[in-house]
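Every chain is named by a letter (A, B, C and D) in the order it is written, and numbering of its residues begins at 1.
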Amino acid sequence: MSCASTHEDGHRLLERVTVVANDRVTEGVGLIVLESPRVARAVRPGQFVHLRISTGTDFILRRPFSIHRAEEDRLHILYQVLGTGTRALAEKRRGEEMDVIGPLGHGWEIPEGTAHALLVAGGLGAAPMGMLAEQLSACGVAVTVAQGAPTAERLVGQGVFEATARRVLTATDDGSAGEHGFVTGLVEGALATDRPDVVYVCGPEAMARIVTAQAAAADVPCQVSLERLMACGIGACLSCVVTTTDGQRRACVDGPVFDAAHVVWDVSEIPPKH
Amino acid sequence: MESAHNINVDMSVRIGALELRNPVMTGSGTFAAGREYAEFMDLGRLGAVVTKGVSLNPWAGNASPRIAETASGMLNSIGLQNPGVESFCANDLAWLAEQDVPVIVNVSGHSLAEYVAVTERLDAEDAIDALELNISCPNVDEGGMAFGTSCAAAADVTRAVRAATGKTLIVKLSPNVTDIAEIARSVEAEGADAVSLINTLLGMAIDTDTWRPKLARTVGGLSGPAIKPVAVRMVWQVASAVSVPVVGMGGIMNAEDAVEFMLAGATAVAVGTGNFVDPATTMHVVDGLERYCRERGIDRVSALTGALKR
Amino acid sequence: MESAHNINVDMSVRIGALELRNPVMTGSGTFAAGREYAEFMDLGRLGAVVTKGVSLNPWAGNASPRIAETASGMLNSIGLQNPGVESFCANDLAWLAEQDVPVIVNVSGHSLAEYVAVTERLDAEDAIDALELNISCPNVDEGGMAFGTSCAAAADVTRAVRAATGKTLIVKLSPNVTDIAEIARSVEAEGADAVSLINTLLGMAIDTDTWRPKLARTVGGLSGPAIKPVAVRMVWQVASAVSVPVVGMGGIMNAEDAVEFMLAGATAVAVGTGNFVDPATTMHVVDGLERYCRERGIDRVSALTGALKR
Amino acid sequence: MSCASTHEDGHRLLERVTVVANDRVTEGVGLIVLESPRVARAVRPGQFVHLRISTGTDFILRRPFSIHRAEEDRLHILYQVLGTGTRALAEKRRGEEMDVIGPLGHGWEIPEGTAHALLVAGGLGAAPMGMLAEQLSACGVAVTVAQGAPTAERLVGQGVFEATARRVLTATDDGSAGEHGFVTGLVEGALATDRPDVVYVCGPEAMARIVTAQAAAADVPCQVSLERLMACGIGACLSCVVTTTDGQRRACVDGPVFDAAHVVWDVSEIPPKH
């Protein structure tokens, strides 16, 4: 794993993959492990794959998923069951094949000289942060994770965070674990206490927007991973644009990770289910 | 039939002055200018690359969300976002010119004058083999489909653009009309060398949780397998009505689909939404078409065009 | 919202003079006159039964094959096969009259005079609550869709039929037009009490083994989930253009689909192809619509009509 | 089992069924067994069920299949893998659920006083004849089966025919079993030798038409089971019409079994794949 502060996004592949395991993690969330040697070796933290779940014509578009972890030849994907595609994904059994395009997109960057990083994850926002926590910790960066979810059971990805972070702070909407309240309530304190060199955030757009403001107020650079509806996933169709201070950018190639300071937040761009 | 399996199939077809090595093109707006797909396939094996629509000045396109999935299809309201013709020529076209594939540029405009200005600019580029005049985009407020839904407007813009270029001119028709054959005849009469169809069907989807349209722009264009029966019917009607070649598209996902369009009267075909499903779909269609012909002892693919039996 | 789960939802809607117990009807031609479905469901729980098209004299319909399956849809070219209005009244209607459900009869004709003659005959039947004038069938050579694709023709036939009946008159519109709102305004101006849409999209499919059309009649009407985005868009356009109620249909398979049509502006909805998939689909839509409202604390289903937010 | 020469078609049901077994019988042919107590008890020879194979929207129409045999609570269906629907059917596993509408259609009739019956089956035409052979033999009718197929392996349903028929004559296109040639070649002889009181035929329409003519020439009543593309399966949509001397009849309710003498044969009505 390299600690380069910025990187060129690698070559994209179309790979036939095999399901190694697919298990329920908690209510409505699954973890699928795919044997995908070529993509697993090339993927970097914050990148994603575009998964062809159905080969029928009932739903034809691929579905984008972050790589939670890459372990030898295997991709780990944490997914939330929301609609047609993720319901079908949840039914995939060991041994079934699918094809993926990946690794895709521009992932997290590690600014030169980073000694301490704050990772802020809301709900499934933990998905693209597993590899990031691993890379940071391998590079000797001190990691604090601030994670929020509706309930204790919905705090996903805790395994990798516990293994890599110096501190894992949690908040739940119902108080069943950690602070009672939103994850944004933890950020203020962590910014003050830890004085991180960089903040990484992923979660519901309303939450990411607040964290962006909190980081800006503390004068800490902030990167955000954004979701957009995607057709091609490779930069050709312009489905997935994000309005930035540099103009319209494509989430699938220029993102999904953006410099939060450059994002022009616009509620209408949030995918409908969020 | 045994020996038929060894025949060489002549895959070439002709559209106006343009000889294509095979009938498989890309649907405008689904393939950008090809660069993104070059990692997944060999552009040099395509009949032609048809680029995203290009306008005189940069267009920002529509607000997001810009797509929505539907049964066997998708809606899009991208809105012809593009960097304008100068940037297109300097970047996309310069790159495409280096590839070994015919280039067809899709031309957009808000007004007749703008269509002409873009055409004049593109006419000066040697790297361009043909122009596809888009008078059928449902996703812009002015121009676009408005030109493609009346015979008089379609004729006017075709006449003006025809006068502005000596290149092969393909006019792309809208399916959102009562009589597409009539529109096709109007543009043929004004000098179109070919027609392409169908562009997307105007559609809409509503989120029953939020009570909002799934597309920020409310309506958008429906594409994919869902529309194939409408597209095949229109290709058949148009091919029976005009004598210029027809480029057929709408829901093509595999070679069988392409055969359907050719039997209905298409000389060439284009893959649009299919590129999103599998970035190598065009290659599968090229290979599958050749195999289809070989297995049936058909020695040139153009023999399929209009071969429907009734 | 807790207590909302216990509210009673007023499911009734009004179409012209007709009060329906709920907004769910059957799509003409997919439900015959209801008798075949009575084994699988309770007709008395429907908003209304809309019968297969009825003409003055018996029609033989088209040659077989009459259907073909397509991605998320089907093509049909039944061709309004029916035993003629006298036989209809003596058999189907006599049976329907005994059921506890409003009856809407779909009226077909080859000519204006025939439409009027059928209407006059049906007007005499007390068991009939409303007529649906079908000017949109794509499967007959004369009449049918020809009346529904021009404003003048649509207006003429509506005027003539309006004069022939005092019953609630619904005019069923064709989607195979450039501007369906304009047609809707024409028939509203001539006294239509409501419009229903969409009828099928004209489509075609080809067998790539035999090189023949899959339908004996070559072209047919596309229905099912594939067309829903086009149907929702047209309902939205028409509901914005007229003040009479709109009956929406096209690909409704479940209650969510029905909600989509109502949000777009439909006062009532119809299930067509969905009946073939599950003969109890209409019941599931009725129950699901009521549940949808109850769960959201909506006390009358008609509050959904046109409630789209933009 | 009743030996009534004609019968009223019973009440139609919508039943949720479970796959009990689904096995390959020969190249491209499977036998699926469904736990379907209500339909299994009501079905009569020659009737069919309308099977909902997919609940997605990729293909929405049901598929009609004859009941080959009904055993206690179970339906046996012999099916040929042809297209989207039958490919999906072949993938159904034990324990999966589907729903069926059935029993549908008007089946075979046993004319008053039938002592000897000739059953003529071409290829999958054997499918609707299993129950028929069983009923005839249970009623003491002598049964001769004349069966044809492309090859020996494609002679399906032989188990029930061997168990019930007095004679089973076979013909294969390649001579790998029985006579070398078409099944129609066996019919002439069987008509002359056995002097049956009734001929039942099911198979490709071209073959059924020849057998109809052969029976007519021998002055033996003949019944034929016909296939048509079907949408509703219950008589409402008029997809499935058969031209008869009594006018247009619906294969799904007035058939699939028709008096062969009344059928107006018309090649254009044959479903495309046959």
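Quick notes
Keep this in mind: contacts are C-beta pairs under 8 Å (C-beta built on N, C-alpha and C of every residue); 3 or more make two chains touch, one makes a residue touch a chain.
Source: prediction; values computed, not measured.
In terms of C-beta pairs in contact, A-D outnumbers the other of A-C and A-D. Put simply, the C-alpha centre of chain A and that of chain C have 47 angstrom between them. For the pair chain A and chain B, the distance between mean C-alpha positions equals 36 Å. Annotation: 56 Å between the Cα-based centres of chain A and chain D. Shared interface positions of chain B, defined as residues touching 2 or more other chains, are 71-73, 210, 212, 224-225.
The multi-chain contact residues of chain D, meaning those touching 2 or more other chains, are 57-58. Contact topology of the protein chains: fully connected, every pair of chains touching. Within the complex formed with chain C, the residues of chain D that make contact are 11-12, 14, 52, 57-62, 84, 99, 101, 228-229, 231-241, 248, 253, 266, 268-269, 271-273.
Only residues 70-73, 75, 149-150, 176-178, 201-206, 208, 210-213, 218-219, 222, 224-230, 232-233, 236, 251, 256, 259-260, 263-264, 292, 307-310 of chain C touch chain B when the two sit together in their complex. Those residues of chain C that touch chain A in the complex are listed here as 71-72.
The touching residues of chain A, when paired with chain C in their complex, are 57-58. Touching chain A in their complex are the following residues of chain B: 29-32, 36-37, 39-40, 52, 60-61, 63-69, 71-74, 76, 78, 81, 207, 209-210, 212, 214, 216, 224-225, 253, 273, 275-280.
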